[in-house]
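By written order: A, B and C. Residues from 1 in each chain.
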Amino acid sequence: MKLDPKIPSGPLQQKWERYRLEMKLVNPANKRKFDVIVVGSGLAGASAAASLAELGYNVKCFCFHDSPRRAHSIAAQGGINAAKNYQNDGDSIYRLFYDTIKGGDFRAREANVYRLAQVSVNIIDQCVAQGVPFAREYGGALANRSFGGAQVSRTFYARGQTGQQLLIGAYQALQRQVGLGRCQMLPMTEMLDLVVIDGQARGIVTRNLATGEIASHAADAVVLATGGYGNVFYLSTNAKTCNVTATFRAFKRGAAFANPCYTQIHPTCIPVSGDYQSKLTLMSESLRNDGRVWVPKSKEDTRPPNQIPEADRDYYLERKYPSYGNLAPRDIASRAAKEVCDEGRGVGPGGKGVYLDFAHAIGRLGEKEIRERYGNLFEMYERITGEDGYKTPMRIYPAVHYTMGGTWVDYNLMSTLDGLFVIGEANFSDHGANRLGASALMQGLADGYFVLPNTLGNYFASSKQSKISHSHSEFRKTEDEVKARLQRLLSIRGRRTVNSFHRELGKLMWDKCGMARNEKGLSEALQRIPALRQEFWENVNVLGEGGELNQSLEHAGRLADFLEFAELLCLDALTRAESCGGHFREEFQTEDGEALRSDERFAFVSAWEYQGPDTRPVLHKEPLVYEEVKMTQRSYK
Amino acid sequence: MNVTLRVWRQKNSKTPGRFVEYQAKNIIPDMSFLEMLDVVNEDLIARGEEPIAFDSDCREGICGKCSAVVNGVPHGGHRGTTVCQLHMRHFKDGDRIVIEPWRATAFPVIKDLVVDRSAFDRIIQASGFISVSTGQAPEANSISIPRVVAERAMDAAACIGCGACVAACKNASAMLFVAAKNAHLGLLPQGQAERYRRAFTLVKAMDEAGFGSCTNTNSCEAVCPKEISVEFIARLNRDYAVALLRGSGREAASSAD
Amino acid sequence: MTSFSALYDSTLGKKYIMALTGAGLFGFVVVHMLGNLQLFLGPEPLNRYAVFLKSKPGLLWGARLGLLLLVFLHILTAVQLTLRNRAARPEKYDRSKPYRASYASRTLFLGGLALFAFVVYHLMHFTVGTVDPSYLKLRDAANRHDVYRMTILGFSHPGVSAFYIACMAVLCLHLSHGVGSAFQSIGFKNKQTAVWIDRVSKILGVVVFLGNSSMPLAVLAGILR
């Protein structure tokens, strides 16, 4: 396998323009002869499927939900970045590019990130035209806010529901194409395998979740927009059904998987309240603008928070990071919370929580003002915990939120498999080792609306595809494999539920490969995962039949892939003997406990190639060449 | 605490369903309603019985996938709360809780509590959009939108498409859903070009999907987890009347391709 | 599809028909009540009013046919919508009471059917005279049809009066939801006006109830004789 990022030549600022000038085009009359499969209907998938159908390609879009509008992009709260510089505060495409590269701890590919910053401005135009009701100033102009510690106000937002509104925009564009008959939408249809013929991705095998029917779909190109793998940790802010199956199946069929160890932990989530916990809920980071984070100074202190005097409180973020204080970046705030809880000073059930206290802000601004700023978040907190955040400090704890790693793609967003394109959170390309707030929505839409429609055309125009139908023997073979696997899951009839395995895997991953990792823990995880996987295949109990809606069976199939993928994640974390962004190795930290990067040894993208079952995958390295920016160490002191 | 559940079990859309009683034991008040169902399901699997199929995904009240009628009320009847955000602390030890699927001809049951809501997608496919293709957009700030207008559009756009409005309505009418989409797009300047044609086509698609008519009982507004107002229904009624007067129906029929 | 067929084929168009015919019928109810309230002024004004109404047979029958058309459309459309609504929800919930919907809104159709039955009786009672043919033969001093006496006689049966009052209660319920609902159906409502329209709607319902019920009550109480 050779990793060729196919970065266009020329100065950074002109690469994308040059690419579009030099790319080959498909004759408009010929576009309908090309079949494209888009798997996933979130921001990336829906925007890609809609845009490709508008261009005239013959598009089939798949999602496993009852409606494309349910995709998890919908849950993004904060906003979307764009280098519009509407606030005249010194923003520019270059600044957004630089902030993203720096935020990603210099582990992202320069050319991709610059292109992302360039098209960010078009995204806002497109979304407004579609009717996304972004927040406005009284004068009628678009409003912006600063987000995630950025020094400029470049974030566009629609209340706390930006992801929802952007997704609805893309969903409506997609539904318009469906209504016009230019795109076929297949809801409740889950991709279970990728079909590769002569080294090219030529289709997928799916299961209809309502009827259990296994079917094949052939195409000239396959686009995966299937999101991230945060649910390998069981508890995360991801939706319950988010999974790695599509990209992991592609990995097993030959598409390299990049940087799986780059996982982002979000510091302000509502803590776990018991073993039954099914998922974690994120509260907007904006809460840290006015809330103060603390724990008791002594671990023996069991008094209710209101009875702990100031002198016995440790405002540890303000203590450790005097200039950023409670606004320290996500990874730093998260690790600091873990540290104090590991010391035994955590609060709430299980000791896994820290206080986020608004008493001072209420004293300073009044409860009315706080209610105006964060009313909906306080309501959400009360709905879940039954506690009133105005009267008693909220409890928060970090949780897995986003995964920067994903299928390796080149500048065209094509994987190492010809004809397999991967977009949105599912690919690895733009966020390096850490994603900045309000950048995920930007990347998903950039890929779907503006990048893929260009690069996919270039692929069709410059390579040769023979026509293949879904009756090709390779499809039959893959279908049989898929059926056999489902049948095997249904026939084990062991003693443990799917959920109990998922919980166990999640706990193991969180303990050994969560916020902070070390060689010993990772090696231990690498020992225990195969054992757990083996037990799963011998002792899982999946009831019901395959020929109808069977949620346990769906979950079992997804978990089976997580049980293999978890090993890849730990292996990547073990191999990357440095700390960067969301990947923190305890052995590699500065004297102050900050992440210590090793640019000499690790300034590369790790792309793993599958070698067969129970065989260690092979690591390929794509060197990260920085032509424009100089690598520096992040400091938030 | 312990509660008794009376749950609708239905194998598929063709087989008639029935209520089955289950005991949910050792429920912790901090559990969400769906976590309680998770626990019940784990017990059922351990006993060799098929778990109760129910829809949910984000479990934070935004994806609109969760759908259960709890004691006769879609989402359980707490203001602005989806059933995934409903917590067991609102119930008492010994309570008897009836759990049913959304019931409507347009939402056939797939299994147990899971229903098929693709009728909503078909409505959006008909005209729940602004016809603008990628690349056609003008510079974003060239369209000035007064803040109040943007906020009202956002009030309507907050709809999560869960279908509780249909489930609550005695006529299984989808008016609140359709009216919300009509208002979201029709309030904004970008949506003016297609405003009346959109209203006309949305209503046509809604009627074809087999939903009932609106008799203004306002049950929909009362259960809507996003608290969408029935005033948008009046707006749809108004827009549709204008559409009839303008002959938007003929226009819609002739431009359909 | 043309606008006219859409008016009839769509649920929204049908609701316009409901609202507009309902408005017409409501107008009649109010005028009819005001005319009848002349009962309290004595036989002379009432009997003169009755002659005036019948003085132009063309107009009278025009109005009667118009009313009949309104009633027909109102009921036909209601039946069609109700059948459609029942088909949209064939399987009921374990608990049948819809959430937060007022009693009036839930009973609109059944109340409407009851009112239709009342109207039929009312016509048989005072217009066609099926109930007691002698009512139509009553003459006053000026040899006009003695409507005043007919009304007093008609309402002096406690059972009949009780039936009338009960039906007016149903009408009150029907109007208290229906009037406001008509404004909503034709789109003449928003957040600010809704409160007032609904309030006025309820008040009008009560006014019609009190106005119409005052007549049988006054007869029973011996105030009118």
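Definition applied: a residue touches a chain if its C-beta (ideal position, glycine included) is under 8 Å from a C-beta of that chain, and two chains touch if they have at least 3 such contacts.
Predicted model only: the values in this text are computed from it and were never measured.
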Chain-level touch network, classified as line, ring, star, complete or other: line
Core chain by centroid distance, with centroids computed from Cα atoms only: B
Chain whose mean Cα position lies farthest from chain C: A
Computed distance of Cα centres, chain C from chain B, in Å: 37
Distance from the mean Cα position of chain B to that of chain A, given in whole angstrom: 27
Distance from chain C to chain A - Cα centre to Cα centre, in angstrom: 63
In chain A, residues with contacts to at least two other chains: none
List of chain B residues in touch with chain A within their complex: 11-12, 28-32, 34-35, 38-39, 42, 45-46, 48-51, 53, 55-65, 80-81, 85, 87, 89, 110-111, 114, 116-118, 120-121, 124-141, 143-147, 150-151, 153-154, 157-158, 160-161, 184-185, 188, 190-191, 257
Footprint of chain B on chain C - complex, ascending: 1-3, 6-7, 9-16, 81, 84-85, 87-102, 105-106, 108, 177, 180-181, 183-191, 194
For the chain B and chain C complex, residues of the former touching the latter: 6, 19, 69, 71-74, 77, 98, 100, 103-106, 168-173, 200, 203-204, 206-207, 210-219, 222-223, 229-231, 233-241, 244-245, 247, 249-250, 252-253
Chain A residues within the chain B interface of the complex: 47, 50-51, 54, 65-70, 72, 74-75, 84, 86, 122, 124-131, 133-142, 158-159, 161, 164-165, 168, 171-173, 175-176, 178-180, 185, 187, 210, 239-241, 273-274, 276-279, 281-282, 379-380, 383-386, 449-450, 453, 497, 499-500, 541, 543-544, 548-549, 551-552
